[in-house]
């Protein structure tokens, strides 16, 4: 497999009881690019993310990350390998401040534990220093530097989504999966978001986003993959998939409602 | 040295609290409360553990009295029956209790919420039954007396005045350690688990492992408290470690505000002062009134009395500020 | 062991189990509808027993009306408890709610102790005390009353839940509260009904068991713990499961004594029951986790 | 900012140094003419032991009122401070300390149960205050080395005395040599097992089956009785040890099974409650008893007769027919000994001297006739109840009858 591919799936399948949510999907995500996965509701986009990040075990098929088999790697280990995601329903830590949320994102990049913490040993203080410096860096990246001490949930939804991205970025990923980052944002917030996503790409991090908002996708994505009822029905550049009859058919089903 | 204390006012407050605690046991001050304060200190240690487990990590335990009891019994048996040095016994007890917590941790944390509550309750009761039934070691329901006092060199902790300082030394140490932990990487991980387990996993936190670790920590605290408990009473019986004891501990934690380390003192304090001091004048009605207060507090301030009071204090301060601001 | 002794153990287990079952039933009804573990459940049992004694022996009301009245009063207490203590605390956490119910238990028990004293009492038997011989085993008539009543009560509850409007509404709440309220079911009223229903089953249990098992103002807490275990074994899902859990628990305990070897003795039977509970919880843990997420 | 913390640390060290002094609170107040005598009482008025604690508390209140109506003791009114330990050992420790250090009582009566008694006993012994417990277990009066504790006494008949009474009767009257025992898992039953196992050999009796029951949870002890029935060699009698309600249930199960071997209950079942609970089933059951329950069957020359009839009459006049029981009697005996001591005490003593004075008096009491029997205390024996305090009684048509 070519070096430029960061994530690859072969015949990836997930079935919940009888219902097959993801059906023999073959993907290969180009490194350093912005890839969008689109598709009508219930197409299995989020399930795909959950498989890649290890929330669910796969039913069959393989996932390769940077050439290594990912299937049996526990979810919490994947972050330190460089895979991180955000959630459709933000999932911020409500019992922390904005800064602490990002600091917790440094978890896989720091190591001191209960013991060092309990006695505040030099190691603890040193790492804590680094953690907060880095956290502030990523907070500024998403432009929330001024809100560091606020309660995470006191922010408006738009900023909460940015914060979620900052928390994910703090883990220094190679690949970041964004689950409907645009949902519920107004136009200016969306512009802010796209700039941020391009920024991330510039940092050499591969971005995969699941998104309903077509203009946003078309503006950002260099490669678009279309899922429908668990299967990959098309992929290509934005303009290519837009013309694809299968895609139009799939979406027509939705436009009606 | 001590995290969380940011302003000089915080330091002054801490110092003031310390001075107050130091003066309490003197007869010319609040000496007559020494015994109650000893139990408050002991229960504070257990409660802090519960706060870390329940308030910060969001895991329920209705069996914490079992760890408390294990510490008590292991200390008692080793130091009395086998003449082990009490301090060493205390250490062994903590290690054994912690190990036990570690072993049960992994299976039990496959459960969540109410089912976790059921399982911990069941475990607690099993341990309690063992305290009664392993009579050849524990002395059975009658318990065992003749447990030695703790001592350093020639200095024996044989008066409640001395034990008061012993207990509160440990209590404050535990409070400081816990304060340091919650504001650390590990502490954030715990709070993350509480906030959203899936999000925690997604940023590389091993959720189950952290749950187990905090359970072990709380068990070690409880064990330490249990050891201090028996070396104060010099007598141990199963009754202080039954189901109701576990409930009392949870009550202390909740009243102190589950997610607040220093609230633990307040929780243990109010509970004891209420039932061992204020309610005594109500004679036979004490239990009834206790039940009533329990309900009222939980109904009208489910986030705990301590937190409520802090809110009120804040509000007053702000109003005062505003007045000051007005020309 | 000989066949008649086997029967003896079985009956004994059924009698104990029936009691656990009726309490577990109450736990389950309340939990399913309100997601509350009500540790005051045992106090309803206590009220049933004490009231039937007070009314029948002290006041001197004829037995049957005395029994009915006892159950009704207990039901009223259940309703009052829900309205005054539970409903105002909806926003409270799992733990807070558990503490509230325990507070309520302490309160009810305390009042009962003040009014009726601390001594143990025994209400009159329903139908004498001459043991009936059955397959060579001697059975106390009251034991048959207990087993029979449990059977009837269980069936009644089942029919109520399956074939009445209210019952179906309760079931709907149990399965999915938010959906239930969407289709216009008042979940708060349902909570009230659940508490009353639980109080009734508990009190019925208290009424039938008191003559045989003897009662006092303080029996509630231990009864509650046993019923809780029964309900847990039943998985806190369906009333039937809770009843089966209770019967199972009773029989386990009876035969744990019967085996009388190693840990299987009268000393450890409570522990054995609890270990069974833990095993069941852990075996079903995967499924339970799902329920926690959905329910 | 560090230096603020330094202050605090210094303060801790200072306090620690002070602690080395270990200041002990001394009672130097002097009791003058006409001061009230403060006596502490600690009973389980709530919790599992409340059926025992309640009558004890009532007895104390009755006697306090009686004594004060009669003008008190040598012009000193009596003030009895009663606390409820809720059957909780931790609470017993706190409240005993409170009685001694805050209320500055001269002596303590109670606690009710052996568990709570132990924590109170250790406090009283430690702080040199006389305590007369209403529970009977070895550690209350003897320390680990088996030496008599200096400051603590107890009034109820001990389990060993009860066991001796039972075995004596079984051996002589019924010549039975094989018994099964069925005992409460909790405190009282455990004392019973220990006593029975210790005394049996002395009477050539062997225990062929041992079963326990859970007094709160077990509603049917037939399974245990089945085990006993199958014991080999076969048991010739069943000895049951517990307090209500267990023994009553066992009595019924025993009756329903028609086992055909005698059932002997312990002195823990000596109460009208037991009779009421077990109904006709109790007929034929035998128990070791203080003379309390057979008071009216005693010959007039028996010194206990008057004492018992008076106490029972007084108590039931106040609290209702059939309410008097031996538990209240234990409290009566305990307080009586304390008041006797107070009667002999001269004025002008400090509290600590008074406490010593009371202790010295009580441990030299001889020939005091109480409800439990005749007490002959001595510095080496802080129980002082002689074996003849116990007789065997049998339930006949729902009444206690003396097996002379």
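In this document, chain identifiers A, B, C and D correspond to the written order of the chains, with residue numbering beginning at 1 in each.
Here is the rule we use: a residue touches a chain if its C-beta (ideal position, glycine included) is under 8 Å from a C-beta of that chain, and two chains touch if they have at least 3 such contacts.
None of the values given here were measured: they were computed from a predicted structure.
Chain centres here are means of the Cα atoms, and by that rule the chain farthest away from chain A is D. Core chain by CA centroid proximity to the global CA centroid: B.
With centres defined as mean CA coordinates, chain D is found 35 Å away from chain C.
Chain A and chain C, compared by their mean Cα positions, are separated by 50 Å.
Annotation: 41 Å between the Cα-based centres of chain A and chain B. One simple way to say how far apart two chains are is to compare their mean CA positions; for chain B and chain C this gives 33 Å.
Shared interface positions of chain D, defined as residues touching 2 or more other chains, are 45-46, 185. Residue positions of chain B with contacts to 2 or more other chains are 1-2, 284, 287.
Touching of two or more other chains is recorded for no residue of chain A.
Taken pairwise by the contact criterion, the protein chains fit none of the simple patterns, being neither a path, a ring, a star nor fully connected. The full set of touching chain pairs reads A-B, B-C, B-D, C-D. Partner chain B is touched in their complex by these residues of chain D: 1-2, 4-5, 7-8, 11-12, 14-16, 18-20, 22-25, 45-46, 82-84, 86-91, 93-95, 97-98, 101-102, 114-115, 118-119, 122, 137, 139, 143-144, 185-187, 190-191.
Every residue of chain B that touches chain D in the complex is listed here, in rising order: 1-2, 8, 11-12, 14-15, 18-19, 22-23, 26-27, 31-32, 35-36, 39, 132, 135, 140-143, 145-146, 155, 159-162, 165, 233-235, 237, 239-240, 275-276, 280, 283-284, 286-287.
Against chain B, in their complex, chain A makes its touches with residues 53-55, 74-80, 84-85, 87, 91-96, 100, 103-108, 110, 112-114, 116-120, 124, 127-128, 131, 167-168, 170-171.
Touching chain C in their complex are the following residues of chain B: 54, 60, 62, 107-108, 110-115, 117-119, 121-123, 125-126, 129-130, 133, 243-244, 247, 250-251, 254, 258, 284-285, 287-288, 290-295, 298-300, 302. Across the complex, chain A is touched by residues 1-3, 56, 177, 180-181, 184-189, 191-192, 194-196, 198-207, 213, 217, 259 of chain B.
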